[in-house]
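What follows is a group of structures, each given as structure tokens.
Two complexes, one shared chain (subunit A), two partners (subunit B, subunit C).
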Partner chain A sequence: MRPTTTTNVVRKYSWQFSGMVAHIIQRVTGVLLLIYLFLHVHTIGELSQGQAAFDQALLMFKNPLFRLLEIGLLGLVILHALNGIRLTLIDLGLGHKRQQQLFWALSIGVAGLIFLIAAIPLFIASVLRS
Partner chain B sequence: MKSYQVKIARSSADGGITRIGTFQVALEERMTVLDALFNIQRTQDDSLSFRCACRVGMCGTCAMYINSVPRLACKTQVSQLDTETVTIAPLPNLPVIKDLVVSLEPFFKQWKKIKPALHSPNRDATEPAKIPATSRYARETPQKRDCITCGICYGACGIKSTNEEYLGPAAINKAFLRLMDPRDTATEERLDVLNEERGGVWRCHTQFNCTAACPKKIDLTDTIMRLKRSMLFPSGFKKA
Partner chain C sequence: MPAYRNVIWWYVQRITGALLVVLLTMHFWVEHFMSKTLMRGDLSYDVILSRISNPWWQGIDIAFLLVALLHGLNGLRNIILDYSRVGPRMTQAITVVLVVLGVMWSWWGIHAFSRL
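Showing the complex of A and B:
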């Protein structure tokens, strides 16, 4: 009989449902990006009120909280995009048998790597130096 | 022997879950969740209701929601769950009759929609139909034919929980098998059902829950994705 180790149990049960985790990530990041888009369009809309109104709106985004949210936005975009690529590949019948590995490697691994490469300089430049 | 705490969703006469029954059972290492249920029924509470038949994972009768995952009770060893508390509830997405017994009526209602029976033009043929081992059906469907209609994929499906009209993975898999079957001729009727806006294959959001939960390891999401791709091309299921 195969020994019952934590690794075996994790492999047998939890890992199998990574597709659902990916689905939830895609929905949550999608909704958050939609909220961001509304905010973005609203800010751009300030242009119609003249340059002073637009500058005033932009001032709000210069405080450290919004700088951090900007880095969060970067994370959302990367996660949503790479998970979307994973879904497109599966829709095309590519990598279907390895969808769990695809999720961990592409949607989490590569996304995390790209995020760190982009977020660290952004954090130094926009949060620490501001 | 190891002692486990077993929490079981108990229902009222009308099927609604009203309380959680907590039991303490001692089990040998290789004993299953079904063994635990029998132990509880015999020694602690003979009013506990659950269903089982073959006890070897062939009939699919003992499908239930064990530690938040739909599984066959007879094939789930308690020690493999790696927890001292086992939570058992009836299969989701199906109406509860009593305790862990659910009605499979909605499941088979969807199943019937895709015309599961063979529709052959040669109904009076006396010779058995020959399916060459080289045919697509023989090559590509062996594992997909293992479905035991346990309803686990139906209970695991996230789309099914929010969309009553959705056919569910098992029915779609059956339709796929019939579409691939060289003896069958009801291709158009099945494609019409599979193409329905609310209930058809396009509702699947590729969550892979059905594939992950299937006790027979049928790649149900693969079936659905293949159907989606084939349905985009009119000749996708032309009989050879």
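Showing the complex of A and C:
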């Protein structure tokens, strides 16, 4: 067994496809978020039809399944944002030599942490109490 | 088309992306995590009415929509052009379609506040 040195840890996380995966993640989540923005503007657009129409349009969002999907949406937003920050850092020339580690640290690590911190209270408040 | 035009759109994508990180953080913090009603997902007409009565929020929301649309549709344009082999005329046509879509979409969102 190899001793656990920093080099070995770095080697373990330098998966050669991480850049490509990050690129695909950014495109897929981007398109999904644009589709959601359409749905969101559609719902908000019902405001101009008056109170009854708007509250009717909101009924769909009160469904527990839809609330779970909303937490998924939060995950998409966080993933796209952190992966985008990674991309911007690389474009600025900051850490492009370590772009693979940056993928694991930001797009997976920090994004996963923020998602957990945000999703747990949201799940308790919204899904369990509905 | 001079090459630098595309570079400008690359910058626009990064700048709008950075703006969206700020706007989204604010959006989630204020509209989801700081409000018990909204945390439960109990959004209603009255909740929006009281929020939108503040012109600052109205301005921020409209700016948020416009920045998100610019970022989203520009991103979609990048994707379409990456996976297709089209000439400059077709590229221009795709751009025009997306701009028209963006203008309609913006109007749709802004118009929502018109009766409040």
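Points to keep in mind about this one:
Here, the second predicted complex is superposed on the first by the 116 of 130 C-alpha atoms of A that agree within 3 Å, B and C clash if a C-alpha of one lies under 4 Å from a C-alpha of the other, contacts with A are read in each partner's own complex, and residues count from 1 in each chain.
Note that a residue touches a chain if its C-beta (ideal position, glycine included) is under 8 Å from a C-beta of that chain, and two chains touch if they have at least 3 such contacts.
Please read these numbers as outputs of a predicted model, since none were measured by experiment.
When the shared chain is aligned, subunit B comes close enough to touch A:19, but subunit C does not. In the superposition on chain A, A:34 makes contact with subunit C only, while subunit B stays out of contact range.
Residue contacts after overlaying the shared chain place A:50 against subunit C, while subunit B stays out of touching range.
When both complexes are overlaid on chain A, the residue A:129 reaches subunit C alone and has no touch with subunit B.
Of the two partners, subunit B and subunit C, it is C that touches more residues of subunit A.
Within the superposed three-chain model, A:96 lies in touch with subunit B and out of touch with subunit C [touch as defined at top].
Of the two partner chains, subunit C is the only one that A:67 touches; subunit B does not reach it.
In the three-chain superposition model, subunit A touches both subunit B and subunit C at residues 91. Per the touch definition, subunit A reaches subunit B in the complex via residues 1, 4, 6, 8-9, 12-13, 16-20, 23, 87, 90-93, 96-97, 99. Listing the residues of subunit C that touch subunit A in their complex gives 14, 17-18, 20-21, 24, 28, 32-33, 36, 39-45, 48, 65, 68-69, 72-73, 75-76, 79, 105, 108-109, 111-116.
Contacts from subunit A toward subunit C in the complex involve residues 27, 30-31, 33-34, 37-38, 41, 44-48, 50-51, 54-55, 58, 61-62, 67, 70, 74, 77, 81, 84-85, 88, 91, 118, 121-122, 125-126, 129-130. Listed in rising order, the residues of subunit B touching subunit A in the complex are 30, 67, 69, 79-82, 158, 205-209, 211-213, 219, 221-222, 225-226, 228-229.
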